[in-house]
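Look at the two complexes coming up: chain A is in both, with chain B in one and chain C in the other.
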Partner chain A sequence: MNRRLIVNGAVWLVLLTAAIWLPLLGGYMALASRVLIYALGAMALNLLLGFTGCMSFGQAAYFGLGGYGAGLFLTHLGSSSVLAIVAGTLLGGVVATAFGPLIMRRRGIYFAMITVAISQIFYFIAERWNDFTGGEDGLSGFSRQPLHLGFATVPLDSVAFYYFVLFFFAVGAGVIAMLLHSPLGHTFIAIRENRRRAQFLGIHVERYVWASFAIAGFIAGLAGALNALQNNFISPANLYWVESGNFVIMAVLGGMRNFWGPLVGAIIFIGIQDYVSSYFPNNWQSFIGVLFVIAVIFFPTGILGILRQRVKVA
Partner chain B sequence: MSLLSLTAVSRTFGRVVALQDVDLEMEEGRLYAVIGPNGAGKTTLFNLISGFYPASSGQIRFDGQQINRVPAANRVTLGLVRTFQITEIFPELSVFENVRIGVEAEARCSARPWWSPALSRQINERVDELLSITGLTAQSGRTVSELAHGDQRVVEVTMALSRRPKLLMLDEPTAGMGQSETEHMVKLIRDLHVRQKQSILFIEHDMDLVFGIADRITVLNYGKVLATGTPKEVAADHQVQAAYLGEAE
Partner chain C sequence: MQLLLFDGFNGLIQGAFYALMALGLSLIINLNSVINFAHGGFMVIGAYLAFSLAPYIGFWGALFVGPILAGAIGLIVERALVQYMYSRPDPVYSLLLTFGLALIIEDSVRSIWGAQGVPFQIPAGLGSPVSATYFFLTGYRLFVMGAIVVATLALFAFLRLSRFGIRIRAGILDLETVSALGVNVYLLRTVNFGIGILLAGFAGVLAAGVFQLVPTMGNDVIMATFVAIVVGGLGNLFGSVLGGLLIGLAAGLTSAFYPVASDVVIYVIMAAVLIVRPRGLLGQEGMFE
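After this line comes the complex of A and B, so read on.
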């Protein structure tokens, strides 16, 4: 109980002070923003994967839809960054909610396959619908707008944007944390642990899988919207199954039974992507791949899983 | 009126007839045993009553209601709660957390997405109460996968009790248990029956145990009811003797 408080305090302190220590380590704020965005996407996936026990391999659909929602909002509807994020979150979440009944009865590999299939539908729509989505070139021509706070207008430059992202990251992470400590979260975990037992305690397992899928869709949409704002660009690649795989890798690498596991996974993933790709622009993925294989074989509970075991033993 | 009533219930799997025209009447407050040799259809019977799969034909009534088409999870809410022959628990959670899932379901708050101190206190008190009824208080914080087999079975019974069952169904509650574990489980079943007036339907292999505690027995053999009655009546039944002792006569 106390240790959890210390860990949480430390994580938030590190994230809040990133503008101070990151430049000293040679990092830059846009990198930190990207870490948070992908961490939030991976945490959304992990609500399904790590805490409800459903192997979604199509989380990029809702991440990408969030991006298109935000981008299209700024292109056609308005010039508010915050409203663009709301639009992206809603698009990701509503679509996930709508597809929920189709996926909630599937289990294991079938669950994974149908989530991939759905995500590929959106990938092809985004890739082909040139007039609306920009087709395979992606959607550009929008840009994130300064933040109007009433008393001041804040341009979202790199440092300000990081804190803008951190705010929404905190909202998303806060929602997940609140859920996991609520009866609903207990029910999700029960389903992960033993579906049959949950069902024979009177729990309508499918409805809860749907709920978990929908919530994960909203949060992935939020992360995707932030991603579109960071790049002022969104492309079909963000909807592609490879992107879904990236979220899985982050969650597993960091530790999918741990609340902060996906954040740790995202730090490693984005860090390697940034650092290694400047030396090996075409095959940085192989480094991720090797690391992933090592992780799955030698520490299947992820980096935080191993750390927790060490702490327990000591 | 019967609490549970089966009329001509059958179940086939392809060409295999697992149960054929089974009738069963159980009144409230009974400690009712279903016995029979391996493959007699005991667990199939449990699966039909609990809604694990539907009956091929026949009628199942519970508490005055026809439940043939009621989904398993809803039957639990009606008051039909079961355990399994192979223990079904939430392995990586603590004893307390295991039971809490059932208590939250019973409080109709499994879907509540926020935490509140008042509700949480109420839930926790009920969990502690249940743990003390089944004697698990000392194990409360332990992860169930680390418990002895016998204790895991007791955890499953406690979880079932958390739904305040009108009918508690135990599928071989002493399966795989040592002698002291068995005695503990038998004492628990008896206590529930005598002190809490809990209606219990159970499957059991151990004949001494069944004839020692049950007040009604149904004997199944090859998917059919061979005999039904009090332990005395069943023990005196020639067909039962033949099925268990071989065709001696």
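After this line comes the complex of A and C, so read on.
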């Protein structure tokens, strides 16, 4: 109990002080914002993958939909960054909720196949609906708006935007943490541990899988909306199944049984991606592929899983 | 009418490719319990190997050697990497592994053969249309249809009639019992993986003559292959063939009436099948439910 407090305190302290220590290490704030955004997306996925035991391979769909929701809101409806994020969160979440019933009955590799195939629907819609979504070129021409706090107006430059993202990251992470400590979260874990026994106990497993899928959709939508605001751009690539794979590898690399695993995974993944793509612009895809293979063969429990084993042994 | 026939035939030939890919992928899913995300990548390998070999050994030689080389690479990959995934009950690992392989394959193909599409020479005699009215029926396309039918029948004959094929089918039903009866199930799984990849390589060589040969050609095919398997029903090889033909035909006919939706229609069909009949058209009840 005590250790958990220390770990959580340390994580938040590190995240809150990033503006101070990151430039000293040669990093830049936009990179830190990106890490947080992808970490939030991977944490949403991990609610399904690590805590409900459902292998979702289509999380990019709801991440991308969140982005389109935010981008389209800023293009057509209004000029408020916060409302754009609400719009993106709702779009990702509502679509996930609507498609949940198609998905919830299956498990294992079949669950993965269906989630990835369904995610392709939104990819092709985004890619083909030129007038509305910008088609293959993506949606651009919107920009994040300054924040009106009543007493002051804050322009979202890179440092301010980092704290803006951190706020929503905290909201998302807080929701997941509260959920995992609630009876609902305990039911998710029960389903992960033994689906059949949970069923025998009278738990409507399918409904809970649906709930988990829907919640993960809302939070992925939130992360996607932040992503659109960060880049002032959203493209169909954010909906593609390769992006879904990126979220899965972040969760697995960090440790999918750990609450903070996806954050650690996102730090490593985004860091390597940033480093490799600037030094080997033509072949970074191979590096990511090799990272996948190495992670699967050597670090199946993830970085935090290995650390936790070490701590327990010592 | 003629345009409809044209799009219908295009769809059918596309569907035949999906069916052939889905067959191989189904075999691997059923016996090896691995979703092979790199299946499209292996198809591309087969196609590009044939492209490089064709100037030396001719089209017919390449059609034969390309898939075999792809299958051999599949065997090596299974021995070197995939086999370590069998003992892990969580499917996430095999998925990520083959996903990583797919990225590596696509990138390697792009580095070796270039990102631009390359032309693939088909035998001169097969290039011309069979009749003037049905201009789209080139000899090569008819040959492709025939070759896919022959390959499918050969696979079913192998699974029904040969000792090894019967063991594969028995292993799909109950691998533990087959193992207890003294069959080397490691060899069984390795060879099965190789056969699946061989079929993908064969599809790749045939596809090279019909579609443009580009490094990314596997990406869209792999998703359509998933859809074919889900529509046809997991655990049933006939279902995979049926699903492949069905979605190919649907995509072809949609492009006649409403071309913008031709990519998305197969996923809509899948969603509809999942609502009406969640196990797929010919799927076994209770599998992964």
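Keep in mind that, in the parts below, the second predicted complex is superposed on the first by the 314 of 314 C-alpha atoms of A that agree within 3 Å, B and C clash if a C-alpha of one lies under 4 Å from a C-alpha of the other, contacts with A are read in each partner's own complex, and residues count from 1 in each chain.
Heads up, the rule we're going with is that a contact is a pair of C-beta atoms (placed from the backbone, for glycine too) under 8 Å apart; a residue touches a chain by one contact, two chains touch by 3 or more.
Since we're looking at a predicted model, the values are computed, not measured.
A.B. asks: Please determine whether it is chain B or chain C that touches the greater number of chain A residues.
C.D. replies: On the superposition, C touches more of the residues of chain A.
A.B. asks: Determine, under the contact definition given at the top, whether A:L291 touches first (chain B), second (chain C), both, or neither.
C.D. replies: After superposition on chain A, A:L291 lies in contact with chain C alone.
A.B. asks: Looking at A:S182 after the superposition, I want to know if it touches chain B, chain C, both of them or none. Which is it: first, second, both, neither?
C.D. replies: first
A.B. asks: In the superposed arrangement, which partner chain does A:F124 touch: chain B (first), chain C (second), both, or neither?
C.D. replies: Second partner only, chain C.
A.B. asks: Would you check which partner chain A:L49 touches, where first means chain B only, second means chain C only, and both and neither mean what they say?
C.D. replies: A:L49 contacts chain C only, not chain B.
A.B. asks: Once the structures are superposed on A, label A:G202 by its partner contacts, choosing first (chain B), second (chain C), both or neither.
C.D. replies: first
A.B. asks: Overlap the chain B and chain C contact sets on chain A and report the shared residues.
C.D. replies: In the superposed arrangement, which is not itself an observed complex, chain A uses no residue for both chain B and chain C.
A.B. asks: Along chain A, where are the residues that touch chain B in the complex?
C.D. replies: Touching chain B from chain A are residues 178-179, 181-187, 189-190, 193-194, 196-205, 207-208, 211.
A.B. asks: Going by the contact rule set out above, which residues of chain C touch chain A in the complex?
C.D. replies: For chain C paired with chain A, touching residues are 29, 33-35, 37, 81, 84-85, 88, 90-93, 95-97, 99-104, 106-108, 111, 223, 226-227, 229-230, 234, 260-261, 263-264, 267-268, 270-271, 274-275, 278, 287-289.
A.B. asks: Would you tell me which residues of chain A are touching chain C in their complex?
C.D. replies: 49, 55, 57, 99, 102, 105-114, 116-118, 120-121, 124-125, 127-129, 241-242, 245, 248-249, 252, 256, 282-283, 285-286, 288-293, 295-297, 300
A.B. asks: So in the complex, which bits of chain B are touching chain A?
C.D. replies: Chain B residues touching chain A: 50, 71-74, 76-77, 81-82, 84, 88-93, 97, 100-102, 104-106, 109-115, 119, 123, 156, 159-160, 162-163.
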